[in-house]
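Notes follow once the structure below has been shown.
Note that the chains take the letters A, B and C in the order they are written out, and that residue 1 is the start of every chain.
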């Protein structure tokens, strides 16, 4: 059981950071020799679920990705054809990749910045904090329902509040929804608007930073900004990282907001045709489930690679308090 | 005076930010009171005339199923999902966070990987499973997966939380002769309450808003949820009723807003408090 | 909060697990993809039939009433009904078809027939039609044929619809235009759009009023135009019935009209998903291509000055045709084919059912029922009923066979490719070429 003994510097093991130090390692080796069956009892619901509802369906989709499957007739083995078609013959595939990347690159930082900014603001509020917290979370309660999509369209349309407000400060954008360059940003703003979940996680992280640190810094004459840079940012980096990874994964799979705003077709002229929207169109609307499955597996691999890269870079900027404290 | 201004500043900023942020919600609310011809065309926030009949129409429900029934169904599913997620995800998380077993790394990696697969492609295989089990058109496909810890996000969240808990208490419990189950139930679980509350709140909200799964698995209108019924209001291939749809969508979010306002203080407080204080 | 532990070095093991699982479980479950079990429905005592459709509340209410009547006359049979919106319905039915069978009876779109019949999801009805368990004597033969695939009857029309233009008579009058007759031409239509735009009228939000919604995105408009010139959309189940030149010509016509301001702007066209959101519904256009059944929605929204007129012709030849607004099929896996057939016949032919259902799915397919129910019509509903009669008298070509399997994807591609023209991303010629490529690939697979 090699996973227990080897540890990389920026540990990626499920049981890494909090424990740290050497003494526990001996303790751990002892536990390895302990009975294993209780663990499997704890895991049994998950194992059943993972096997029947996740692993098996995933395996089926992997199999289907090598077939021509129209949902009605038995799947027909075609080898790598779906993959080659995707890479070499389908310009829409690459356009959807581009649109999705644009979305991820814009939406994730924006949403996290928003969530962090509001969390910082809320942290400094004394009275009324819980009211504000709830109120800021309110948009996230709504999901991307049909009515929210309609409201969004109304706000971003010609003469809608957003273009009007931008007009006051001299920016003339016209309506966003019917504009092939701007429609994608209307979708971005819808997701950014619902920043509640990362905000809550940031708030939790901020509260975990010991006030002593700030007091000490204040005594040393550090200003607000200095405190933010040298205390908040490093202390919060694990939480930032956690949010970053989850938001990135979720953004690659963005579906509902774009589906709702574009009415399901990723329009106008494919400008909001995100990866999963295209996957959905191929799989269910056009009944090419084999192709859609191949797309899903490419997405899975891409997300895994990008997540791995994030972890790679995290070593240089994520600061683990536990490791420091354990020393 | 300067100090007073400084103290007020965050409040002012928060209030202003909120104003912008809640504007779309105000729009939603206002639209739910607009007459039919204004719903989609009017560019004014304020309705030309308050159309309360949107609400009376919405309250009649859909296809003869009352709004009360629809809300009841939704609460039932959401509650089942909450119980399922809290139980099963905390069980799995405890194993991942605290116990040693073969293939742990592999399983954990797999669990995280399931976050990355678009769910549309596993939809049909999953449907086949539930159909074989005779569970289509019951609430099982919506609730059972939660009892089987299929939502990796929460397993992940609770694992992360449990790993932050000090081990001393558990160690001493073990020295006192507590087995893993006793330890889990009477020590780790209570300490993890904050993470569990977070799980519960998110599960409730997300289940409430999850239109897709409900749409696929439910057939009989009397089993429909409020989210599902909301869709029936607008059928683009026939005449639509946008006003009542907006009214119903306001009605449908009220319960989660209420739920959230009651429990939200546990949410943040919970996620922040480290084990001993919780 | 600690870091999420997804490690770089985990990946090899994760992949190997999945690979192993793929080999083992994959084949087992894939086998069951094709092995179908019957649709759901608890069987306590007697027979439970399931039936599903898409549509609004009025249709639901009327259908439910008809079903209750059927239950009353067939003791022991319970009918479990379900309805949803069009989009959800399509998705759900496809999942059911792939995952174990559709309901005992299902409402189908014309575009679904080839796919569902060809994919073995529907029960052939020929024997039931032959021994008159399903009566078809009162149904128009051309209309009935729209429910066939490969020479077999798989579905029954539930209603008969026809297209035309909803138009604002006041604006037409203001522009000095005559009431469009059944033989008006596409040139006259184009001219009418230009003249209305030239009036310089303003919409409620202060923008210019155009002649019509831009029909370039709509495959149905193209089909009408094509048929009026003697062409057709599909030559067979695997071949298109028109050339790149045909499509280029059509799209150039649409493109020119839009550029000159005679038809709606692209940003308004793309947002048209219902009457309320259509350029006409928003006061931005004087007319809109539409079906007869939703037409009363225009008068409800805009007033009685809105009337229904025929599609333009090419030298008097009409391209529009009587189309099944929706069809009814029986699931291939039904456990109660006998009762399902009875219910299908009941909904199609029973006079009382016909009276209850009325025009909720367009003109009833049963001609006797249609005549009877028509006597109760008034206002805009009566107008479209008379319109259909007039068109029948004028003479229309028979409807084409149900569109091939790939048609759903092709229809979407049509819209998308024209949007590329409208947003200056492609010329009509280029878009037409790409569309034909795409469509042919779709038809081959």
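The rule is short, and it goes like this: a contact is a pair of C-beta atoms (placed from the backbone, for glycine too) under 8 Å apart; a residue touches a chain by one contact, two chains touch by 3 or more.
Which protein is which chain? UniProt says A = Sugar ABC transporter permease; B = Carbohydrate ABC transporter permease; C = Extracellular solute-binding protein.
The structure displayed is predicted, hence computed values, not measured ones.
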Next item on the list: Could you find the chain whose CA centre sits the greatest distance from that of chain A?
Entry: C
Next item on the list: Determine which of the two chain pairs, A-B or B-C, is joined by the larger number of C-beta pairs in contact.
Entry: A-B
Notebook entry, point to check: Using the average of all C-alpha atoms in each chain as its centre, how far is it in Å between chain B and chain C?
Noted result: 35
Next item on the list: With chain centres taken as the means of their Cα atoms, state the distance from chain A to chain B in Å.
Entry: 17
Item checked: Overlap residues in chain C, where contacts from two or more other chains coincide -> 1-2, 4-7, 10-11, 18, 29, 33, 87, 91, 95, 98, 205, 273
Next item on the list: Would you give the residues of chain B that are in contact with at least 2 other chains, written as numbers and ranges?
Entry: 40, 43, 105-106, 108, 110, 113, 124-125, 129, 160, 163-164, 231, 234, 242, 271
Notebook entry, point to check: Which positions in chain A touch two or more other chains at once?
Noted result: 13-14, 17-18, 55-58, 60, 64, 71, 159, 201, 204-205, 208, 242, 246, 284, 289, 304, 307
Item checked: Residues of chain C that touch chain B when the two form their complex -> 1-2, 4-7, 10-11, 13-14, 17-18, 29, 32-33, 37, 40-41, 50, 52, 54-61, 64, 80-88, 91-92, 95-96, 98-100, 103, 204-205, 273-277, 281-283, 293-294, 296-297, 300-301
Note to self: List the residues on chain A that touch chain C in their complex, please.
What the structure shows: 6, 8, 10-14, 16-18, 55-60, 62-64, 68-75, 153, 157-159, 174-175, 177-180, 201, 204-205, 208, 238-239, 241-242, 245-246, 263-265, 267-270, 281, 284-289, 304, 307-308, 311-312, 314, 318, 320, 322
Item checked: Complex contact set, residues of chain B against chain A -> 7, 10-11, 13-14, 17-18, 21-25, 27-28, 31, 40, 43, 45, 87-88, 91-92, 94-102, 104-108, 110-111, 113-118, 120-122, 124-126, 129, 145, 147-150, 153, 155, 159-160, 163-165, 167, 179-181, 184, 198, 202, 205-206, 209, 211, 227, 230-231, 234, 242, 245-246, 249, 253, 256-257, 260-261, 264-265, 267-268, 270-274
Next item on the list: Sort out for me which residues of chain A touch chain B in the complex.
Entry: 1, 3-4, 13-15, 17-19, 24, 28, 31-32, 34, 36, 38-43, 45-50, 52-58, 60-61, 64, 71, 118, 121-122, 124-126, 128, 130, 132-143, 145-148, 150-152, 154-155, 159-161, 193, 197, 200-201, 203-208, 242, 246, 249, 252-253, 255, 276, 279-280, 283-284, 289, 292-293, 296, 299-300, 303-304, 307
Item checked: chain C-facing residues of chain B, complex -> 36-37, 39-41, 43, 62-64, 105-106, 108-110, 112-113, 123-125, 127-129, 131-132, 134, 136-137, 156, 160-161, 163-164, 215-216, 219-221, 228, 231-242, 271
